[in-house]
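Pasting the structures here.
Each of the next two complexes has chain A plus one more chain, namely chain B in the first and chain C in the second.
Showing the complex of A and B:
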């Protein structure tokens, strides 16, 4: 039997998406090696029984709840170290993001455990978990196997898909932790998002992305109108070239040096599709490209390609979607 | 200058907005508690700078008294890449002597086990390519004789040298660029490291870290081609007086993993894929080198194309010419069934003997490519880099020990294989300025007579004085398919390039230039840095878009009207086996 422990971050009564992905992944893999998936939560009174129990829906059977500072790494390291010590978990799994990296690294140092970061896949092999991590600019996959009692797996952001299962409600176990001296030295002063987080690019189901082919900054309104017509969970994204040119904010940048996204629909308007952009969106479920250059590389990995003038196509598309939604 | 076309603009007419002495020379050292003091500071962890460190530490290792007198950090190496070797790229077939002299206990088998050497040259061939289909084997000209030389990777060699330097007690500051040369009363006193964490407009970001003065008894400029501080030092100390201007070449290289090993070193000397007519001004050649990776057992091929940056057709693109070269049937056969595993580009100094600046100034000296020590006739420079590093270390040691001037290094270089070999080929490049057909016989004569004919000193002009026209070379480039023929951006991607998007622009060019110059930059740059907007006028001035985060720091822009300055440390490519 081998159990998997995950950390779940929360904010204002809601769990972080990456964390829920980690729980889902942990539950799926734990079941393959005959174990269970447990979660650690650290925070104040907002961690109600009900909220903690709800992690059962993603496959966690037990939730270890500790009172402590939320959103800081060291207190969580203390909690997780104690839980692992007492319950003998074999793996600790994190959903990615800077906090997960820091906690995972801290736990590895504390427990003398092996750690793999930026993991994109986990699988069971001979009753053990194996982590897969892209290397060399994502051109190859390296495989990490763990020795020792504890293996730490830190996912790449959004690598693990959220899966709701009929796990019912998780058992909540309160943990009393004596924090290390240094753990409470840092205080959360302010919670902020980096550079204009008003657009939730990573969480959008539909992205309308604009490139230099839009011609000028003002034409981004065509993309915005289209995203608006889709409504719901849709947003506008951009390429590095147009962000560099000052047409759109950096927060919306997709690609090697921007964000990595995987929406249900990625509509690329006037984007040539250089590899630097492709690596940020290639796992999108459906890719639709509009470009006036039939030879643009983006057509090689699009599900649907339209060769034509954006200034004509985008407004028509917007109209068509409005009509369909209205009717 | 206007002999080819009265109205054709030359890049020199749009000079880069830069004043290197004023900007890059800092007068006076910061106070003791604000600076870091080291014994010897070496700017650039390439083969030359590290050879200097390796040799110097060998000498200091036997002289603990002197070592201790140099303080806590006897030798510091400043390297702007993520690791030494990260920005190094060469062919490369190396003459083994200087490296054997530097590490006498190592055998060539050891080199291969350390994975910077990939086999001894046993067979070689030189071809002329009349067109894209045929090839003509010619007797190997003496400079191309490579029998017994070793195929190496300079990027890997530098990594190995870094390890040796660190074991010897050197302190290697990676991800750090040196941005200013510190001078006081006519003497170099050290360098200043670059700021980190500045935004697009130079404003300090939340992670801003200012640079620091690094004071040193001796400063070694080992910056490679187009040294940023070397350029400033040459101006500040008048090191290039009575020398010919430096001229440059640009090489683009790919590494291929191949199913069947190549059994020989191959060079082609054109004219294909270049234009032979002198109006294009295109002179260049190619190489194909076999590499056996003893660690993985893989068979690799290094393939590259190098062009003289004196060309006139603005649509000349070294990257695309390499792609074109790959369409030749004999190249296809070699790479057939293989996979591209590496790419990179680097400019190299081509002026040779007459362009070498004076190598020393009070408190500092130049080594390797910074000093232009490349023999572009035989396509070799690595052994000169190592040798010059070695000789510089001995001069530095004597200077630290007995207070002698560094000038003994000048004579040591002149008397060594560097001076001798570069002198022999001193007049072999200039005749090509008349074109390949007219120039080649003179070059052959020079080679055959070991440089005795033509005698004297042949002069030349700066690369950026060549007027440019928009020709049709571009029409020959093959269309990328992403499998065998590659575009620039996917190539930049596999170079491991990572430059922060909101870093300040490190490339100095005029933003509004004649169309011919804009086209020159757009085609020349192997990394797709320069772009002409779709709606730009067909003639007249053009606003160039500079995508500086694509930059792999090859330096070619300096030859054609711009200036590369070091970006924030850690930016740029991360070459591994190039």
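Showing the complex of A and C:
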């Protein structure tokens, strides 16, 4: 028996997509090593029996439910450590996202377990799970093998596909946990604050995305004018760095903690192409990158790369597209 | 308040990184530098000191690594740390993330800090997680990817971007906080600070000095083994245009877009 325990994050009564991906992946892999996939949920009254049972549709057979603070990692470490202690799970699996990293790492410390993060693939090998993660700016893949009682696997964002099946209802088990002192020393004051205007980038066919290379907030107008020239179903998106800097609204953010998009055309202006950004846009049909740094990682996964000054290129490109559209 | 800043020596960004096929570890020869993400953590410590909301008695840079890691400590001191602590021991070599976090927590226990700061990730290992490991061992509350931090009463008010937007979290001290690179713009060290860095106190300790259980560190104490390094499925390289004549460049871009019916 080799069971897999996953953590499922929820917000306002709905489960996180990356968490559902982790449950699906956990169920598929557990069946290959003769085990089951279970899930841990931590929160308040919104974790109804019905909601928890619904994880069965993704392959979970048991859901361990604990009352506790939401949106913070350390209380979940307490819950998962208790569940693993009592039930002897061999693997803990997390979907991509901030909390999964924190919980997985905390659990590794608590249980003296091996941990691998940014995992893009899990497979069974001789009755055990091994994890594959890209390293060195995605230029190599490294394979992790675990020793000891527990192996911890933290996925990269969007790495695990959601597989929903008909029927399937998970058994809900309530867990009483005495939280660690230090878990009670962080308190959520405000969660999920949206900053800036509400814009829709997920439905766009053409996205012009701006990064730090734009130089200043005002230069986003170059991106907006270009998106305007394309017309139709186009929009402007942004990287985390410029959203955190307050240059552009949070709703327009692509990547690890933002949105995942796959438009027909993704035009990246002044974006270096860090992995946290790449994971949110790499399945775009056509990727065009403009960056003054010829060594920027984005050129390694763009279909058309332009090494040059976007202050010169963007306005002329906007004019040229307008002319084409007009003519 | 005493602040410890965890720092790391990493291969310089300009050096091509590779895996040493003989031992499966990152080849860490060649030019080294202070992990650029750590400079944000040192700057955050300096801003607490200069901000006046709390009196900072001491900022201590702490690292684990071979002899050469001393240079990262010198750099950290030139950026504002008062002194540094170097944990170095052959027995620690080959430690995985969990083992490294354990060893660092033992070094930190010796210092008894009120606040441990670190950068969001190392430029080489790309792990993002050492703070959470250290915090669990130290039994302290912890947050990663913090982009705004204010000292208030006995704690910190922290902001960060999480799965559903921006979260604001109140954290009691002592705590372990990993800061995102958006938190500040690190200052450049003055020439005087660079020259003076070598004269600041630097203490070197081994595993035994800080009570590290040798069965939990090094290759033996690590519970995950990495190997079978291979190339990912490669996407065919895209077309690259070096912009010399912008009008010509734009014509090429437009033609490329038209070919794909994107205009």
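FYI, the second predicted complex is superposed on the first by the 190 of 327 C-alpha atoms of A that agree within 3 Å, B and C clash if a C-alpha of one lies under 4 Å from a C-alpha of the other, contacts with A are read in each partner's own complex, and residues count from 1 in each chain.
Everything below uses one rule, namely that a contact is a pair of C-beta atoms (placed from the backbone, for glycine too) under 8 Å apart; a residue touches a chain by one contact, two chains touch by 3 or more.
Since the structure is predicted, the reported quantities are computational estimates derived from the model, not experimental observations.
In the superposition on chain A, contact is made by A:325 with chain C only, not with chain B.
The wider contact with chain A, measured as residues touched, comes from C rather than the other of chain B and chain C.
Once chain A of one complex is fitted onto chain A of the other, the partner contacts of A:305 are limited to chain C, with no touch recorded for chain B.
When the two structures are aligned on the shared chain, A:63 is found in touch with neither chain B nor chain C. Legend: residue contacts after superposition of the two complexes on their common chain; A:22 is shown touching neither chain B nor chain C. Using the contact criterion defined above for the overlaid structures, shared-chain residue A:236 touches neither chain B nor chain C, since it reaches no partner. Contacts of A:313 after superposition on the shared chain: chain C is touched, whereas chain B is not. Once chain A of one complex is fitted onto chain A of the other, the partner contacts of A:250 extend to both chain B and chain C. Of the two partner chains, neither chain B nor chain C is touched by A:268. Of the two partner chains placed by superposition, only chain C is touched by A:134; chain B is not. Once both structures are placed on chain A, chain A residues 137, 139, 240-241, 243-245, 250, 257, 275, 300 are touched by chain B and, in the other complex, by chain C. The part of chain C that touches chain A in the complex is made up of residues 17-19, 26, 96-98, 101-102, 126-137, 139-145, 147, 157, 160-172, 175, 180-182, 216, 222-232, 235, 237-243, 246-247, 249-251, 253-254, 256-258, 260, 262-263. Taken together, the chain A residues at the contact with chain C in this complex read 9, 11, 16, 71-74, 77, 97-99, 101-106, 108-110, 112-118, 134-148, 151, 154, 180-183, 185-195, 206, 230, 240-241, 243-245, 250, 257, 264-265, 275, 286-288, 294, 299-309, 312-313, 316-317, 320-321, 324-325.
By the touch criterion given at the top, residues 137, 139, 215, 240-241, 243-245, 250, 253, 256-258, 274-276, 279, 295, 297, 300 of chain A touch chain B in their complex.
Contacts from chain B toward chain A in the complex involve residues 479-480, 482, 487, 489-490, 492-494, 496, 498, 500-502, 534-535, 545, 547, 549.
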